[in-house]
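Have a look at these structures, which come just after this line.
In the two complexes below, chain A is the common chain; its partner is chain B in one and chain C in the other.
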Partner chain A sequence: MTTFTKLSLTTTLVLSSFLMSGCATGGAGMVGASSNVKYGDAKAAETVTADFGSSDLQSTAETLTQSLLETRYIAKAKQPPKVRLRTVNNLTYEHIDTKAITDKIRIKLLKSGQVRFLADTANLNQVSAERDLTTTATTKTKMKAMTDSDYIITGNVRSIKKANDDVKDVYYNVSMELVDPQSGEILWADEKEIRKVTAKSSMGW
Partner chain B sequence: MLPTKNILLSLALGSFLLLGMSGCAGKNQEHFIGKERVILKEHKSFQEGKFLKVAATFENEDDNEVEGMVYQIEWIDSRGIVVDQTAWKPFTIIGKQQIRVVDMASRPDVTDYRIVISTPNK
Partner chain C sequence: MTHKLSIIGCSLLCALQLGATSLDSDTLRSSLSKPQFDQTLSTLSADTSDQDEFWYWLDLARLQQANGDFNTSINSFEKSFEILDEYENRAKVSLRSVGSFLGSTFLSKGAESYYGKGYERTLMHTLNALNYAMMGNFEGASVEMRRMEQRQEFWLNETEEKIKEAAEEKEKAEKEGSNVSSIPSEYSMSAMLEDDSVRKLANNYQDPFSYTLSSIISNIAFPTENLGEVSLKRAITLNPDVSKAFVKLPASALPPVTAKVKPIVKGKKATPTVAQPLQPKIEKMEITVVILAGEAPAVKIEKIRFPLFNGANYASIDLPAFNPPINDISVVTISTDKLRLQPPRLLQTNAMAYKTLKDELFGELSKAVVRATTKAVVAKQASDNFGAFGGLMASLVMDVGSSAADSGYRNWEMLPNSGYLSKFEALQGETFTITMNDRQESFTLPKDKKGVLVLVSYITNDNIRIDHVAY
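Coming up: the complex of A and B.
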């Protein structure tokens, strides 16, 4: 093998290994650093479209949690009341995961230490299955009776949309209620209103 | 002489207590990212049951310019650690308009706060 052939073989090897490594390299602890994917602030105000978005979900959960914590049925309770989340109805024309709103409120309320939560209707099947398994598959034949809720939380999400050639206006209204299931009395109700305007011209910010 | 000294001491202690109770706003509780095109006119905190509540007023001092802004409140515990924060909340403020906001921490261990304001580049 001539020196020239050896040299071109080495060059080919070095080049091909460089090309094969591709763009997957990055800094320590990073892969694909040169791609277009970037991590952003999860709590940033998102204005990509006028649809119900992450900022609306977060601000709704914050406002309604603050309001709930101020109600005397929670703030002045001798011990944290037991609450069950019921369905929040989506009465808008778009898909909104209303459970994401109530789950976020539940997390915030649990962190506050002022409220205790019972398994909601979505989780109740899992709880029942576990109880059945305990009574059939283990020696424990008697189960403690499940506790009942002091209050339930329910609500609605509504929207009104209007548009002309230049402007699209969307109004969201998320309302929630705290209900005493014994008496059926509505003890607390509050709402979060959101208005989003999309202008077709380059106005705004 | 002794009673006068006691009165002065009580007055000093009283003033310290009042200062602490009013939750007086400090400059380290404000943080601007980028240009200060909107001003934080005033802010104060008070205890609402077990939770800290913050009231703040933003103002666009300009006559004509419409400004966009976002703000976030960082909730700080007694050790000075940020334990929670609000989502960034967006506003559009027209000239000379004031916007008043009230936010409450949802954790009882929050004792202090910092308001972070950002006005996007035009």
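Coming up: the complex of A and C.
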């Protein structure tokens, strides 16, 4: 028995009113799909829910890329260093596509022309397979050139959620690090913090 | 006009009947064996009458998982999360909540919409974590385990509200001359609520199974971060038997180290290498076996006679009760060449369900008595104003209404009743055997992986599915 039916039953019997089942729950008039589609500004602030959204993705990529490009290891490098961007760990309460974050950062960094990127570890096998098809022998030296990076970028997304009867507060922290793979030294680190607060309405359906 | 009203009335009754009989609790629970399972799953998937019910999506999600449809199971779980999220984020004064409150106050317990108890809200994320894990997405699985903990916060707030509400109802019932401080002797659950397994539980929403699994999944997803430690400590606090779930292979069980021999070069004699301290080749791997067995107790509304107005009158009150769990197993053994294990039963859904009922019972009893008193007063007024026939009609209308509502009051009936967990070491390529009651299933380990997670879905004795993911 649906919630709606239960409520109808309750209302009918308790308030002794007649058959109020005319108000259907679904099927709001969708005449033509195209009439409901609009293009929006991809960079406009998105506030549909408190979840990690497109605005957060954009602002995170913007802030962290800018900060990274200003670091002396990249800004003052004699030639653009080779970088491998590792996966950003999702340590939040949401299924965030962290690859979208790394992809956006990679694109921004590449566009700057200040760094060169090596294939992801995940894609490395595909790159190797492609090489094997085009060259007869892949020497160890060549393989080394494919895998050796000057720097590695890693990161984490974390979140803290708090709620009471009135408000829900979500705090996101996206942190990234530039690491020297030879020494393990952390050369740069920065973070982007986002806080979202949603309030419960006092009356509603 | 009368004719039209009759038609509308009949249609409404038919709709109620159809809703109730689309796949009712008894039919669902008796149609899970292998020959019927596909039909049951497709009927449940096609049933549109209960798609706004929290329990519907949970039931569907468990069956989809047991069928190996992990992705569709995730989608079904997400639907149930949406329903619960909407409930948790509802306006402070919500018309739906008011309607539900009125229904449960005047009509029947069954008029309330079911949004799950603490243990169900925990376990829906745990089972969904297994869906992600079985698809090789351990990071996604660990997200679900964190959501599991987050979800408990709302349950605790809700429980506090219920305690306050129960105190008010108790006061009201006592003012009207009803004793609501002891469990009615006719109540079928009386003995069950005092069971040792129920008494031993720390609370009604945290289970050691979920925390142990959370610890294992975190360590697989983030091997360098040691994120699983806190969860494991919590699991051991909830049930010390958790430590029995982890078994290491004794050093003597590892294959002997053999000396390297130089390859034979044509025209030269093969000579053994100079004795050097050799590192043993690691051939062991970690295996996690998760067994989800049986189906949880199914909630029902039980009607019992209860004295009102200082025993001057008797009324039929309705209390939530349970049909017992089904298709469960009692003994699990895992055997390898070197080990023989008896994984502990870390998930005891029946005990958690009974514990929740026990914690809420006096609140429910007070509410039921207030409801019965209200009904008795309404019937009396109808009788006073319209004669004996009027009183009878009023009672009949309320009884029919409450029976119709009760039949739709359902919980997560397909939730596994038991969860067994074991993490042990074995040699790559080895075959191990899982014995569940009289059923024996064998599994051969892969040879080139660090570990493997095995999920055994035991729906009935003839309907068992084993899935695995290597990492």
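What to note about this one:
The rule we apply is simple: the second predicted complex is superposed on the first by the 154 of 205 C-alpha atoms of A that agree within 3 Å, B and C clash if a C-alpha of one lies under 4 Å from a C-alpha of the other, contacts with A are read in each partner's own complex, and residues count from 1 in each chain.
Keep in mind that, in the parts below, a residue touches a chain if its C-beta (ideal position, glycine included) is under 8 Å from a C-beta of that chain, and two chains touch if they have at least 3 such contacts.
All values reported here derive from a predicted model rather than from experimental measurement.
Applying the stated contact rule after C-alpha superposition, one finds that A:Arg195 touches neither chain B nor chain C. Legend: residue contacts after superposition of the two complexes on their common chain; A:Thr92 is shown touching chain C, with no touch to chain B. The partner of chain A that touches more of its residues, comparing chain B with chain C, is C.
Looking at the shared chain after the overlay, A:Gly113 reaches chain B, while chain C stays out of its contact range. Comparing the two complexes, residues 204-205 of chain A contact chain B in one case and chain C in the other. Interface residues of chain A facing chain B in the complex, by the touch rule stated above, are 41, 43-45, 47, 55, 58-59, 62, 65-66, 69-70, 75, 108-109, 111-114, 204-205. For chain C in complex with chain A, the residues that touch the partner chain are 5, 8-9, 12, 15-16, 19-20, 49-53, 89-96, 99-100, 102-103, 106-107, 110-113, 139-140, 142-143, 146-147, 150, 153-154, 157, 222, 225, 227, 397-398, 401, 404-405, 407-408. Residues 48-51, 66-68, 70, 72, 84-90, 92, 103-104, 106-108, 120, 122 of chain B are the ones touching chain A in the complex.
Against chain C, in their complex, chain A makes its touches with residues 1-7, 9-11, 13-14, 18-19, 21, 25, 89-95, 161, 163-166, 168, 198, 200-205.
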